[in-house]
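Labels A, B, C and D are assigned to the chains in the order they are written; within every chain, residues are numbered from 1.
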Amino acid sequence: MTEKITPFAIFWHKFKRRYTAMVAGVFIVLLVLAAVFAPVVAPHDPFLTDYSLSMMPPSLSHPAGTDLYGRDILSRIIYGSRISLAVGFTSVFVGALVGVTLGLVSGFFGGFLDGLIMRTSDVLFAFPGILLAIAIVAILGPGLVNVVVAVSVFSMPTFARIVRGSTLALKESLYVRAAKSVGASKRRIMFVHILPGTLSGVIIYFTMRIGTSIITAASLSFLGLGAQPPTPEWGAMLAESRDYIGVADHMTIFPGIAIFLTVLFFNLFGDGLRAALDPKTK
Amino acid sequence: MSGGYSPFPSAGPRRVSSKKAEFMLKYFFKRCMAILPVLFVVSVLAFAFVHLLPGDPARMMAGDDADEATIEMLRTELGLDRPLPVQYLTYMGKLVRGDLGISLRTNLTVFDELKLRYLPTMYLAFAGMAWSVVIGIFFGAVAAIYSGKWQDYTAMMVSVSGISVPQFWLGLLAIQLFSVHLGWLPVAGYTGKFSELILPSFTLGATVAAIMARFTLSAFLDVLGEEYISTARAKGVTETLVMWKHAFRNALIPVITMVGLQFGFLLGGSVVVETVFAWPGLGRYMIEAVAVRDYPVLQALLLLYSFHFVFINLVVDMVYALINPEIRYE
Amino acid sequence: ETRDIIYASESTVKSLDPHDTSDTYSGAIERAICQGLMGFDKNLNIVPLLAESYTFNEAATQFTFKLRKGIKFHDGADFNAHAVKVNIERMMTGKYKRSSLMKPVESLMVLDDYTVQFNLKEPFGAFVNAIAHPGSLILSPKALETYGDEVSKHPVGTGPFIFDQWVSGNFVTIKKNPDYWRGDVKVDTITFRPIPESGSRLAMLRAGQAHYIYPMPAELLKIAERDANIDIIKQPSIIARYLIMNTQFKPFADIRVRQAVNYALDKEAIIKIAWGGAASEADSIIPPNLQFYKKQAVWPHDLEKAKALMKEAGYENGFEVVFLTPNASNRLRATEMAQQQLKKIGITGSLQSMDVASFYNKLEGYRVDDAKPLPFIAFGGWSASTGDADWGTRPLISTEAFPPAMSNFGFFSDKKVDGFITAGLASANPDIRKKAYADLQDYVWDKAPWGYLFVDTMVAAKSKKLKGIYPMPDGAFSVEEAELVD
Amino acid sequence: MTSRSQDEKSPGDRSPGLATALNEDEILSVQDLSLSFPTYEGFIQVLHKVSFSVKKGETLAIVGESGSGKTVTMRRVMHLLSNVRTDSGKIMLRKRDNSVQDITLLSKGEARKIRGFDMSMIFQEPMTSLNPLFTIGNQLSEALLTHQEFPRQEVQKRVVDLLELVRIPDARRRFSEYPHQMSGGMRQRVMTAMALACNPQLLIADEPTTALDVTIQAQILALIRSLQEKFQMSVIFITHDMGVVAELADRVVVMYKGRVVEENDVFSIFARPAHPYTRALLKAVPTLGCMRGRKNPATLPVLEMEKELNRAKGEPLPREEEIDTADHTADPILEVNNLFTRFVSKKNFFGKTTHLVHAVEDVSFKIYPGETLGIVGESGCGKSTTGYALLKLVPATGEVLFQKRNVMAISNQEMQALRQDIQFIFQDPFASLNPRQTIGTSIGEPMVIHGIGDKRSRQARVGKLLERVGIPAHHASLYPHEFSGGQRQRIAIARALSTKPKVIIADEAVSALDVSIQAVVLNLMLRLQKEMNLSYMFISHDMAVIERVSHRVAVMYLGQIVEMGTRQHIFEDPRHPYTRKLLSAIPIADPMKRTDFGMLTGEIPSPVRKISEPPRKIMLNEVTPGHFVADLVSTL
């Protein structure tokens, strides 16, 4: 093809053709903005109770209705996005940080260390994710911070595996061999040559994992192990509303949709990234 | 027997298959050896679990209104006063004899309790797996075959939605729709009827179906780029055969490993689904056990879950070796 | 055609050994299979059952029961004094969860085949309540011999239903006892199924997949009321709900602060929103259905007074506490509302919800001599399962009940209160006891040991076709008269 | 998937009524074929009015450099392209029943019926063109049964016949084997058998031998030649190797940048190339034997293709430059004694090694200052491993003396310093540069690692090095993918030069490049050698390239050296049968001298051996001064 195409241009060209991913990207940006500017965007104080407004269906002043205590659901969803995004992002970030490090070390040094790390991740794999989270929360007690810890622990092994896989491949690559032959140190090879090469896989998984983490955190809240009231966490809102299905459906529907769309768009965004970063697609 | 389809059932000498059998046996042992350390670590973790939880296990086991003497007695009885490695060995020794302890809540042996709840969870998990494999592979294949067309987008949207719905929400909505409004299916619980299995297993399988669909899609696309697909077309093989004989089979190979890995996810999901659907299985049992701090039960459940995961993956590995002739056997 | 009833409940059966059962639900099912010497009627009045009558001495140390003749257990064994002895002595070993019921007993004497006499260590006026308690049901001596402690899986009694099947974690089925001594049983089987999701429970009833659900989620009453095939049953209970505060420590050591809390609580709103309306405001330290209850004036919701009291006590700017609650959704909601309301008088703090086990574990962790920096407010609940005022007060507000002994988690201690409680037990004479408890209730109400909340109303729902099953004030239920009509 | 876009043609380009425009003796005629692919910038035309035809029973070779459109053309003929747009043109095919049809007009289904029946195709990659999940028998039967009905029993017989036809030994047994149980050469034969299953009249072979070793290539070429004679098929043979063209073709079509630039019979093409591109192509090919009688290596007489295209007629070609830098009187700069590298190949159940790969087995040689030692041998004989072993990139034992210091015995720190003096150039220019670093960073990296100069001086040197290898200095900030293959290899060379090394190990440094670009890179390397007095260890499997660049040559076989001597010794007086076999397998780029590949049979042996059965040690005899030949007794 013509010269002067930067990797980013190729990426962008492929990415923008996935219109679902573009829509997702826009949504995520809006969501982040809403979270950051929640006090400006939210029509009401998310903590303001007014028992006389208990469980009002959607109306002009409360577009998503009110909850049990007469709090504005839309405002709570907007404030809740702060928590869901923060939990999703932080837990995946921590998981990725540890996972990438372990995967890199494991793939690069091999041998005993590799065996140790991989067996450990096998073990973590062997405990079904949410059970692991429940166990961890059972040990640490409920609460958002512990949810983050739990969710990061079980997103970690996948990161480790992804990175280990591409590290193993890159370790054998000619350019790493070339770097070795000119005398590059192990550290240099690991961080300058191998690590950047593993990142595209990490980024893709990272985006998708945020969705999964948001759901897991919500599920933990649903099981009563997550965020504590009156925190406007989406999963907790759902858990709170489930006793009213059939009576006040808006209490279930709106937080449910918030989770669904957020996770959906993170997934679509991740799909788009994958397609765009995959050299096989055009 | 090898997995390849042959137009001549009797064709070819059997020598290969006996060699293969021998290889499979060896391979099996090798895999078994490899999972031993995993099981070991898992058992240590499950053992450590009780000791990691805040509070004195004996005090918790003794219950609300026990006095110090009872607790002290229990402590000796449980061997909690001995060094940890000794405790672990005792624990393992009992484990090997199938003694998982006694449920603090019901005073029944944990073994008996698990026995009761085991099958319902397995039904649920396997039915969920069936849903996800069928739906996932179908959508994935459609998306790959019609790559870039509306079918592709639709299939992928549907399956990505599957990942994005929280299972508990999906379950609640499904009950409202299918059981309350339409009245087609039982609401909840399990007493052995097939109809009771449909909604929970679908809810459970939906997420994994989405994952499978994605994975099938990418495996399929990889395969479609392979030269042997061109070869098949160059022979003049019909497009249908190219897709379903040449491409599909090859795409399925990586998908099979995925099935094993997703099984763990499925078991995890069963915790939520069983709660929503009042399913008398291990998942709900776990939640109940957490709520009342029934330690022997939790310990046993952790072991059982991970053992299953490891075992299923062993089976998957074997299947994989069976159907993939490229696994070397000489 | 068989008449089969499905009873969907929130809880799971934990054991079917009455002596070793601590939960109401299992106890209720046991009561369909087994019976005690005495029992409760719908309103928790004590009525003779396997005993024809009883007598007791003035000092409340000796109780003699005359047993009914001609009753057989399901396995054919005869019911007689021997059977009672076997059962009571089993309980007296101290090994079982309900052994405490027989703690006051010094010895049991078989006077003749159909007369037994309990000799107590010290006066215990509420002893007949203990005998009526589901923990004191009588199992077949033959079954006890055959199964030992495994009897929990094979309960055999004299009740209207025979145990059929129990799949742990799943359902329990009982079937009609054709030879029931009190008359004809009108249904063939009853299956008890656990459906923890309240929405699913109602959905099952509406879809005809269950005949009776308990608890009927009060939040969904609107739906159930609209359904023409459903009957709602409401019944006042003996379950008291209140907020526990640590009364030994600042700031709750100050009675004005405790009173301020009581003024600040909007009980009506809490009942309506958190409890779906299924409760009535507390009007004494014990619920109306308990023996010797005496009505008091409900604490009014008066923010101004509350603020004034706070100011008087020197907490004009409020203080910080931690709210503790079990994570069951209605308790969580109620605590959340208390949190919202107390914020208005400056009592703020974070909320920690946890499973029941951790909750009590945490409460039991506090000691009276602790130096806890952060005071707590915890959502408490108590069902005095003996139906007696003693059990509704002594374990909760007497000095001897400081944890870990019993459940006085707020360390409320008052010499006068302890005095009334002792007096209430010193005699089995109802008049004497009544007076003691009346004094107690009058005295303690203003002392505000708790943030008084409300007394649960039990709500169940059933198919119109089903008759004769009703909930009992202690949260149990009776199925003896169950009947399906078309 | 074939897509409907194949049928989307601009109707104006088609002249109707010419449906039978095919001469009697022709079987296929491609007329004015233009194709476009959708890309980032919209549709890009890759074929421009391509026209050629194939006569009955003839072999047509299509040559041209990489990307010139050879494969695209033939895949279009086979209806095997998806999302391509046919802008103009016709493809006329004479079917078996002698009817003629424009196959661009066919629907998917109709095209399918022609594929494999009227014409069939063999692909370049034998390792991946068979489906790994099905037995050979199954895949061959499928080819048969797709177009014809056969009774069940007969199918197997026919399949076995076909396998025997392509000279697969023990055909009955192979029937139920899977592709992975066969070598590349055998797979390519199976592919050929598959293509022949329905006796098509036209066989299209797209570089069927490029991925194979010379000896195996020779076998396949011989096979195709004999089959073509036997069945009187027409064959279209795509290749970029002029030697192969000379061996096989009757006529030649030369493609360049999506256009046919020349079409002629093979003799005329070689004797009187008309188009400058064809001339350049022929000049750029190092031909075996053209160095005969000369002592020293020399550059190739061609510069870059573009320049060649623009050269005025009659202007003299650039002169060949002799490289006489070798100083055999000095002490060797690198001396290797008894070098061994063995890899674990198999372990038993208990983790004990049972089989070893004897990759390098007791190898000894010397390299003198300014000298190029060529190392040749077939795939897997241990050439690369030897190179890696010298720099301790793989575990090895033995003695490697660099300027008299034993590399094997020195500390890591000293080794580090030494790495400045010995540099590597790898085969794959695409893979040997980190795609995420600018080329400037890559070139400067060795200097950073060894702490040479400061940032500014390093930058200056990177610029100089780039210019030295013919790339503008300001390109330092570009990424590897923005360069062509030849440019990347030059960048790799620049990187190797950055620490001013004395010895460069070039492992198949030009094998992945097009002939024309190969020539440029070879010339560059030779000139650099002259300027900087470099010593090269030049690894290649291409005898002609080795002949061009080496002062001395070592022939490797199964990890051992079987013959070593000056270039003239090896190429003009080969003594060892293996050396002779290699030489005889090379197609000569001269249609007048067709080789008889008859003496070549068998597979490449494997260096994997049981641990209890080490290979026999080969003794080298010095037959004439400086010419070492393995003792025949010990090798064969």
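Basically, a contact is a pair of C-beta atoms (placed from the backbone, for glycine too) under 8 Å apart; a residue touches a chain by one contact, two chains touch by 3 or more.
Listed by chain with UniProt protein names: A = Glutathione transport system permease protein GsiD; B = Glutathione transport system permease protein GsiC; D = Glutathione import ATP-binding protein GsiA.
These numbers were taken from a predicted model, which means no experiment stands behind them.
K.L.:
Identify the chains adjacent to both chain A and chain D in the sense defined at the top.
P.N.:
Touching chain A as well as chain D, we find B.
K.L.:
How big is the gap, in whole Å, between where the Cα atoms of chain A centre and where those of chain B centre?
P.N.:
23
K.L.:
Per the centroid of Cα atoms for each chain, what is the distance between chain B and chain D, given in Å?
P.N.:
The answer is 48 Å.
K.L.:
Distance from the CA centroid of chain B to that of chain C, rounded to the nearest Å?
P.N.:
The computed centroid separation for chain B versus chain C comes out at 41 Å.
K.L.:
Report the inter-chain centroid distance for chain A and chain C in whole angstrom, where each centroid is the mean of the CA atoms.
P.N.:
45
K.L.:
What residues in chain D touch two or more of the other chains?
P.N.:
Expected reply: no residues.
K.L.:
So which bits of chain B are touching at least two other chains?
P.N.:
172, 176, 180, 275, 290
K.L.:
Hey, what residues on chain C touch two or more of the other chains?
P.N.:
If we look for residues of chain C contacting two or more partner chains, we find 197, 199, 355, 358.
K.L.:
Any two chains that touch count here, so list every such pair.
P.N.:
Listed in label order, the chain pairs in contact are A-B, A-C, A-D, B-C, B-D.
K.L.:
Using the touch definition up top, name the residues of chain D that touch chain A in the complex.
P.N.:
Per the touch definition, chain D meets chain A at residues 38-41, 44, 391, 393, 415-416, 419-420, 423-424, 426-428, 431-437, 445-446, 449-450, 479, 481-483, 492, 495, 499.
K.L.:
Can you name the residues of chain B that touch chain C in the complex?
P.N.:
Touch list, chain B to chain C: 55, 60, 63-65, 105-108, 112-113, 116-117, 120, 172, 175-176, 179-180, 183, 186-191, 275-278, 280-281, 284-285, 288, 290-293.
K.L.:
Which of the residues in chain B come into contact with chain D in the complex?
P.N.:
Residues in contact with chain D: 2-8, 11-13, 16, 26, 29-30, 145, 147, 224, 226-228, 230-239, 246, 249-250, 253, 323-326.
K.L.:
Residues of chain D touching chain B in their complex?
P.N.:
These residues of chain D touch chain B: 1-2, 75, 78, 80, 108, 112-117, 120-121, 123, 125, 128-135, 137-138, 141-143, 145-147, 152, 155-156, 173, 175-178, 180, 191, 194-195, 197, 349.
K.L.:
In the complex formed with chain A, which residues of chain B make contact?
P.N.:
The touching residues are 37-38, 41-42, 45, 49, 52-54, 153, 156-157, 160-161, 163-169, 172-173, 176, 180, 214, 221-222, 225, 261, 264-269, 271-272, 275, 286-287, 290, 298, 301-302, 305-306, 309-310.
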